[in-house]
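The structures considered in this document are given below.
Common to both upcoming complexes is chain A, partnered first by chain B, then by chain C.
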Partner chain A sequence: MVLRLAAIPPLVSTVVALGVLLGSSGDAPSLDVSWVPGLDLEFVFQIDSLAALMTLLVSGIGVLVFVYANGYFGPTAAGTGRFATTLLAFSTAMLGLVWADSVWTLFVFWEATSITSFLLVGHKSVDAAARLAARRALLITAGGGLALLAGLLILADRAGTTRLDDMGPVGGTAGGVAAALVLVAAATKSAQFPFHVWLPGAMAAPTPVSAYLHSATMVKAGVLLVALLGPALGETDVWKPVGIGFGLLSAFWGAIGALRHTDAKLILAWGTVSQLGLMIVLLSAGSGKAVFAAVSLILAHAVFKAALFMVVGEIDVRAGTRDISALSGLGSRMPLAAMVAVVSGASMAGVPPLLGFTAKEAAIEAALKMDGLEALVVGFAVIGGSVLTVAYTVRLLLGLFGPSDQPATDIADRRPAMAFPSALLAVGSVLGYVFLGTVNSLVRPAAVQVQPEAEVYYLLRWPGITTAFLISVAIVVAGSTVGWLVFRRPLGVPSPVGAGVVDRGTDGVLSVARFVTGRVQHGSLPVYMAVMAMTVIVAALPFAFDVEPSAIYLWDSPMQGVLAVVVVGAAVLTSGMASSRLGAALGLGSVGVAVSGLFVVHGAPDLALTQLLVETVIVVGFVLGLGHLTRRFPSAKAGWRLLRLVVSVCVGGAVALALASSASNPSGVPPLEDLTVAAVDEGGGNNLVNVILTDVRALDTLGEVVVLAVAALGILALTESGRSRKEEVA
Partner chain B sequence: MSGSLIFAIAGLSAVGIYMITGRSLSRIVLGFALLGHASVLALLASGGPAGDPPLADRTTATEVANPVPQALALTAIVISFGLTLFLLALARRQQELTGDDLVEDDVEDRRIASQETP
Partner chain C sequence: MIRSTSPVAELGVRAATPPALMVGMFLFFAGHNRPGGGFAAGLIIGAVVALRWMVGLRTTVVPSQLMAAGIVIVAGVALAPVLFGSVVLDQAVWSTSLPVLGKVKAGSAAIFDIGVSAIVVGLVIAVIDGLSPATTSAPEGQSS
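Then we have the complex of A and B:
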């Protein structure tokens, strides 16, 4: 029920996106929301052609995924409310990312998709593998987010604007650095080699999540980023080689991974890595035709890959496994699922008459139109990647539905809510080919927005016997042969080396953090105090170079010297010699009296008087409050005591240094006469200290009284609560 | 600045630090009180040399001690008085609850510190 209700918001935004796409109103809808005006931080959204196309994918497939999830989880599953909420939150973040027209908006929603996808991948939170996969996905994509932030900061600084719309081309070293950072971010999000290691692990997520995040939405965010920032960064030296490099490696490595695994969901995940690589290659190449092909591929891939994920999820639920080596006889037992998979797989392999075919044709033609090394590299990526795509598609379909020696797998009843969305998407792959004109009108404006030269291109329903078509035929033949051979003689499942490396790295960081925390956050108050004291010592060191010996004299009067010795002596007695608490209290009292003496000698009778009163009360309080305690202080270890002694003496030295330095650098002469005149004339009093306290610092004095009142209340509460407990016990 | 005052302040600080790095709460209170004395004296010393009490009708303006630090120090004395008594009450409460007034280690922190690497 929750999941069905949750399908409503994406349905609404699908309708809105269709309205924007098919309506011919001139200006794109936009919205500005000021966030932090002083920092020029704002949320800027604009639904232009590319954004509308992506909205259609995000929301349209979103609706189907919610319907599908309803069937996937069944009526009794727990946690569907949490699932629906998180998936909707993700959907919202994705829409925000797609609509963003300011680099900051883009970044905020980019991170939001990382976090929500972490929650979705880790949905089965009792499963340790799912938690590990979620952590890996978060660390890699959030790490990419940091690269993105750095890249966007440089870009916004160089371009002089934060609006993606107004951004002109940026060049130079700064542009190159920004381009590299942005491409790394895109590679982490779109699972490009070597950052792809999170995507296969993310298959631990429930299948609706994979069908949504790992086909149409989140993994497309990186591709979208390359498309959005291509106009600004495409002219740097770094953009093309790095982008094509990421894409080329991923196109091949992903496809090879897809050929080796036997878990159908993993095959699809690795296939996604490969397909995304192809899109990145085309977008980084940046010619009109290549961008046009890439945008077509985004659309076609979302449709067929979501359908395939859904079919695999259905097989998983109904047959209890999704391992192609364990499944048998599903072709006749699940005819509808088989048809959906064959149609969508054929679209993925680029077989006519399906949407995937036209997109692949466009990609091949784009490669043929290039010159020199670029044509070679892009052509190699497109053709080689396509051959391998056909191969793993054939192997997947044969493995799921093909002939097998094993007895047929038992399957549960069909769940209409699961079958319907995938069937609709398969029909979409066919209809996309039939109504190619409509698809053209969706794709072309989006491609033109990235690269104006894409204006002249369109998807061909039937290209005739062209070079590209012949290449296509060769691709299908070669790919099918390879797929058949690999199906007959499996390559062996690889162990997840990359994921292992990431996990070991993370565990290493965590254990180092635990070690450092264990040493630094020791848990012992005396150690903390000692560390702070040592910091004081270090902080005082610079003062040593700033002392003028002539500024220091022995004493103001001999009495001051005597009293200073008495003060320090009494303090030392208080701490070291007096081992009883009562003795310590009396020691403290004598220190106080001696300090009052110092005040008198200094010419501060008010202070002396106050100090005497205060000291008396403290000694009385000490005796009354703590008189019934055990008499002796506990003894400490000798080593620790020695360390404390050294630290204390050093702190004493540091304080002396700081004082001497302050005496060496007087900031002026006190305006004693002015103060006296002002006190008598304006304050109306002869005691300067009193006038300052009452006239100048009246509010401070009031605050001081409040502090005393609060302290008194606290003391009362602390003593009274103890008393009442005792009475209760008695 | 008077060397005697510097000596007194440095000595009070050293003894104060020694006491607050101990484990007994009542000793920590004593240490705080000593550090309070040290800071009041430092405030006074930084205001200039000793002089006559700053009373306009009894002493000449050029020979009095700087009254501004005195006014500030007066507040400091009173605040440290309140703090000391409050800490005493805390120590007493601790003694009532645990039978002693020792500052214990944070158990959770110790657990993290002693945890072996996985």
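Then we have the complex of A and C:
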């Protein structure tokens, strides 16, 4: 129920996106919320063509994913409320990222997607593998987020603006550094080699999450970043080689991974690494046709990959496994799922008459239009990557639905809520081909926004017998052969080396932290106190040099002298003489009361009142706490007593020194006049202190009370844990 | 030792509670123009709770909830002006005439102060609850 309700918000934004995309070609809707104007911190959103296309994907597939999740979890599953909330939060973060038009807005939502994705990958929080995978995903993507922050800082500084819209090309060394940082960030998010290691582990997430985050949305964020910042950073020396390098390696390594695994979900995940690599190659190359092909691929990939994830999830739920070597005879038992998978797989392999075909055709033509080394490298990536894509697609489909010598797998009842969304997406792959004109009108403005030269290109329904088409035919033939061969003679499942390296690194950091914490936080209260006291003494020493003896006088009124004697006397009696703890606590309380008397004499009734009340409550706390301890202090050795005495006197002296120094060097006149006027006119009160607390410096108060509350929660947690431990013992 | 079972003490604390709370409320409202304010009021109310605790009069207030409410109030007052197109923590002052009290002036700072008081009271209860030997039994052989 809750999952069905959760489908409503994405449904609304889908309609809005369609309105923007198909509506009048007026100005893009935008929103501008200032946050800290002095620092140019603001939330700036703009739904331009690229953003609208991405919104359509994020929200449209979002609606289907919520419907699908309803079937996936079934009516009795626990935690669907949490799941729906987190998935909606992710969806919101993703929309914020897509709509962002300022580098800071972009960064905030970029990180928000990392955090929500962490929660979603770790949804089955009782599963240690899921927790580990979630941590790995968070560390890599949030680490990339730091690179992004650094890159954006440099970029905003060089470009002289934080608006993505107004950013001109940036060059030079600084531009190169920014380009490298941004590409690393994109590679972490889009799971590019060697940062791809988090994505296979993230398959521990429930399948609706994989269908959403790991096909259509979050992993596309890196690709989107390359598209958004291509205009600003594309002219640096670093951009093309690094971007194409990341993409090329991932296109091949991902496809090889997809050919080796037998877990259908992992095959799709590795395939995603490969496909995203292809998009990054094309976007980094940056020619009009290449950008156009990349944007078409973003659309086509989201549609077919989400459908494939959904089918695999349905098989997982109904057959109890998703390992292609264990499944058998599903082709006749799950005909609809088989049809959806074949259509979507064919779109992924680039077979007509499907949307994937036209996108791949555009990519091949883009490579053919380049010259020299670039044509060679991009052509190699596109053609080689495509051959392997066909191969793992053929292997996946044969493994899921093809012939097998094992007995047919038993399957559970149909789940319409799972079948319907994937079928709709498969139909989308067909309809995209049929209504290619509409797809063109979605893709072209988005591509033009990245690269104006893309204006002249369009997706072709039937290109004729061109070089590109012949290459396409060769790709399908070669890929099918490879796929068939690998299906007959499996390559063997690789061990997750990269993930192991990341985990060992994390564990290493944690054990160092445990070591340091164990040494520094040894738990001895006297040592903590001594360290704090020594710090105060050392910090106060520099003040000794600017004490002005002539500025020091005994007292304003003799009453202060009397109170001072009371304070010192009570303190001495307490620390030195009292043998019972209660006596010491009361003595300290009388010190506090006498200090509040000093405040009264000095004309600060507010301070005095607060001091008196605080002192009272502290004494009460003391008295309650003493109930846990012996009545009298344990006898201490004379040496320890002397040491404590020395430390106490030194701290007292240091504080007195610091005060004397500040009294000898007044730094200007206190702004009493201004504050009084401000308090009465704006704060509407005559008690200056309170107006400062609740109005003039209310932000400080806000921070302080929050600190107070957090400290109190810490106390609660400590005493609660002490109690439960006692109960365990008893 | 700490928790008195003396009926005299209990009666005394019961009798002292209303005037003490009055003092707390007085300090809360006096804070605008004279010494006092939300923090001081919170301490007084907290002290009343502590005193009642000592004679065995427990409160049913959950300190974490009280503090949470306080934070929500404080943050709400801080952010509310943004909804009306103003800056964070901007103060609004309303004044009106009431039949008995005459001209009454109230600012959003007063609501802010309520939040501060709630947090302080919650803190005091949390500390007392945590330290109170009535709930945490003392180590064996040491309590008296």
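Please note the rule applied: the second predicted complex is superposed on the first by the 527 of 730 C-alpha atoms of A that agree within 3 Å, B and C clash if a C-alpha of one lies under 4 Å from a C-alpha of the other, contacts with A are read in each partner's own complex, and residues count from 1 in each chain.
Basically, contacts are C-beta pairs under 8 Å (C-beta built on N, C-alpha and C of every residue); 3 or more make two chains touch, one makes a residue touch a chain.
From a predicted model like this one, the values you see are computed outputs, not experimental measurements.
A.B. asks: Let me test your reading of the model: by the given contact rule, A:Gly652 touches which partner, first (chain B), second (chain C), both or neither?
C.D. replies: Touch partner of A:Gly652: chain B, not chain C.
A.B. asks: In the overlay, answer first, second, both or neither for which of chain B and chain C A:Leu718 touches.
C.D. replies: A:Leu718 contacts both chain B and chain C.
A.B. asks: According to the stated criteria, A:Val617 is in contact with first (chain B), second (chain C), both, or neither; which is it?
C.D. replies: both
A.B. asks: Between chain B and chain C, whom does A:Phe545 touch in the aligned arrangement: first, second, both, or neither?
C.D. replies: neither
A.B. asks: Of the two partners chain B and chain C, which one touches more residues belonging to chain A?
C.D. replies: Result: the larger residue contact count on chain A belongs to B.
A.B. asks: Per the contact definition in the header, classify A:Asn687: touching chain B only (first), chain C only (second), both, or neither.
C.D. replies: The answer is both, since A:Asn687 touches chain B and chain C.
A.B. asks: Have a look at where A:Leu708 lands relative to chain B and chain C in the superposition and call it first, second, both or neither.
C.D. replies: In the superposed model, A:Leu708 contacts both chain B and chain C.
A.B. asks: Pick one for A:Asp695: touches chain B only (first), chain C only (second), both, or neither.
C.D. replies: After superposing on A, A:Asp695 lies in contact with chain C but is clear of chain B.
A.B. asks: With both complexes superposed on chain A, which partner does A:Pro605 reach: first (chain B), second (chain C), both or neither?
C.D. replies: A:Pro605 sits against chain B and chain C alike.
A.B. asks: Which residues form the common part of the chain A surface touched by chain B and by chain C?
C.D. replies: Comparing the two interfaces on chain A, one with chain B and one with chain C, the shared residues are 605-606, 610, 614, 617, 621, 625-626, 629-630, 685-687, 689, 693, 701, 708, 711-712, 715, 718-719, 722.
A.B. asks: Show me the residue ranges of chain C that touch chain A in the complex, using the header's touch definition.
C.D. replies: 1-2, 27, 31-40, 43-44, 46-47, 50-51, 54, 63-64, 67-68, 70-71, 74-75, 78, 88-89, 91, 93, 105, 107, 109, 112-113, 115-116, 119-120, 122-124, 126-133, 135-139, 142-144
A.B. asks: Touching residues of chain A toward chain C in the complex: what are they?
C.D. replies: Interface residues on the chain A side: 605-606, 608-610, 613-614, 616-617, 620-621, 623-631, 682-687, 689-691, 693-695, 698-699, 701-702, 705-706, 708-709, 711-713, 715-716, 718-719, 722-723, 726.
A.B. asks: Would you pull the chain B residues touching chain A in the complex into a rising list?
C.D. replies: Residues 1-24, 26-27, 30-31, 33-34, 37-38, 40-42, 44-58, 61-62, 64-68, 70-71, 73-75, 77-79, 81-86, 88-93, 95-97, 100-103, 105-110, 112-115, 117-118 of chain B touch chain A in their complex.
A.B. asks: Looking at the complex, which residues from chain A come into contact with chain B?
C.D. replies: 507, 510-511, 514-515, 517-519, 521-526, 529-530, 533, 551-557, 560-561, 563-565, 567-568, 571-572, 574-575, 581, 584-585, 588, 591-592, 595, 598-599, 601-607, 610-611, 614, 617-618, 621-622, 625-626, 629-630, 633-634, 636, 644-645, 647-649, 651-653, 655-656, 659-660, 662-663, 670, 672-673, 675-677, 679-680, 685-689, 692-693, 696-697, 700-701, 704, 707-708, 711-712, 714-715, 718-719, 721-722, 725
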